[in-house]
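Listed next: structures, encoded as structure tokens.
Okay, so chain A shows up in both of these, paired with chain B first and chain C after.
Let's turn to the complex of A and B:
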């Protein structure tokens, strides 16, 4: 059950969602754009050499580190020029979802689970820039494979993030990787961890690499941890913790 | 010394900090580390501004607040929870920790 503070925040947030907002349409648009980018890129790949395929693991690891960096340094730190992302994430997403109440109640809550579709377009523009450079220094096939990998990783992220915030885990708890990131991300929503720990949102590779995971185990253990809590490090107790009624009236 | 209650919360309007229910002045007249406002839970310019503002209100001495704000930020402000409440006594205890390290 949500604490009074979380409940008040949820009521305030939901009251400002546009009446015409449709959560399923939001998700459909993201997957339509990502799927179209994937389909378009695949059409341009012709007889790739094995060396062209090497771009896939490189791009996947790059996307994993980028996801970690964006989450740790932009979404959880106030930076000039990126305050919109910070407000949407730290000041909204993390007040709406806590480790005690990490689940959405309806598809209207998708407004705060999924990124707005323009975020995917921005990501694809960045991927296109990298692909252009790749086409110059590597090959056209490698460039299109990079676009495929970037699109796929983004759609993977959105799906996994939803897996973390959906209440029903009857299937997810048995899905490798999805179960790992669900525990990993719900732990990240613990207010004592959220500014420092568990910044990956797909596979906890960069958290393992940079030592920002709440787990004390190796890479394979991190990737296939599932719901296991035996390796969780002892968390520090934050100062001044309070679960008092909000300073801001719920009607705001 | 009268005991005060300092509180911080992240809201849709931004990060709010109060002293006895009124907004805490940002102490930018003493030193401005950031134009973004207060934050906490990590080391950086916004937590540093909050440390300075808390100490200025608590000590009433700009020079001492400025001198102590770096260690107070690292030991106290960087460790604050998402929503927090500190009394004057807890700030005093935090300052003793800073002095002991």
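Let's turn to the complex of A and C:
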């Protein structure tokens, strides 16, 4: 159950959501734009060589580190020119969703779960710029594969983030990677961790790489951790507020 | 004769008793960005599907779609 403070913030936030907002339309628009970009890029890939495919893991790792950097250094830091992002994320998203009450109640709450659709346009423009450079120094196929990877990672990001904030986890708890990031991200919503721990929102690769994870285990352990809390660093365990009730496996 | 005096509307509250809608400037900029992005994507996808340069009706349809999305972004304050 949400604390009185969280409940009050949620009520105030919801009262400010415009009547014409529709959460399902919001999500549909994101996936329509991302899907169209993905489909268009796929149409331009013709007989790629194995060397062209190398761009996929490189772009995926790059997107993972970028996601980590954006979250840690822009969304959680009040920086000139990016205050809107800081306010929307640290001051709103983290007040709306706490480690004790990390779940949304209705599709109107999608307003604070998903990024506004223009963020995707900005991300696609950046990907297009990188793809243009890639086409010059690598190949056209590699460039289109980069656009595919970037679009796919963004849609992956939105889906996984929703997986973290949806209450019903009957399926998600068994989905590899999704269950990992759900525990990882809900722990991030602990106010004692949110400024410096668990900054990844898809796969906790960069958190493992830069030592900003709340887990003490290797890369594969990080990626396939699921709901396991045995490896949580003991230094933060006394706070003891990150294990939301639904994260306890039903069989136990 | 009894005189009924209508309660004045309190500052910051409209006649319906709710705060007036105040939209963020981000949704204004975002509306334009989304409209432009949707228009470009619409033309790219349409030209790919028809294997030809977009015709005037296709451009008009793309513009109508993009403007509708942009207006919704603003009205929904997204």
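Rule of thumb we're sticking to: the second predicted complex is superposed on the first by the 234 of 252 C-alpha atoms of A that agree within 3 Å, B and C clash if a C-alpha of one lies under 4 Å from a C-alpha of the other, contacts with A are read in each partner's own complex, and residues count from 1 in each chain.
FYI, a residue touches a chain if its C-beta (ideal position, glycine included) is under 8 Å from a C-beta of that chain, and two chains touch if they have at least 3 such contacts.
Computed from a prediction, not measured in an experiment: that's the story for all the values here.
Within the superposed three-chain model, A:167 lies out of touch with both chain B and chain C [touch as defined at top]. Note on chain A: of its two partners chain C and chain B, the one contacting more of its residues is B. Touch criterion met: A:36 reaches chain C, while chain B stays clear of it. In the superposed pair of complexes, A:124 makes contact with chain C only, with no contact to chain B. Residue contacts after overlaying the shared chain place A:84 against chain C, while chain B stays out of touching range. In the superposition on chain A, contact of A:20 is made with chain C only, not with chain B. In the superposition on chain A, A:92 makes contact with chain B only, not with chain C. Across the complex, chain B meets chain A through its residues 7-16, 18, 34-37, 39, 41-42, 44, 46, 76, 79-86, 90, 94.
Those residues of chain A that touch chain B in the complex are listed here as 5, 9, 12-13, 16, 76-78, 80, 83, 87, 90-92, 94-95, 191-192, 194-196, 236, 238-244, 246-248, 252.
Chain contact summary for the complex, chain A toward chain C: residues 15, 17-18, 20-22, 25-26, 29, 33, 36-37, 39-40, 43, 84, 111, 116-118, 121-122, 124. Chain C makes touch with chain A in their complex at residues 19, 21, 23, 26-27, 29-30, 33-34, 36-38, 41, 44-45, 48, 69, 72-73, 75-78.
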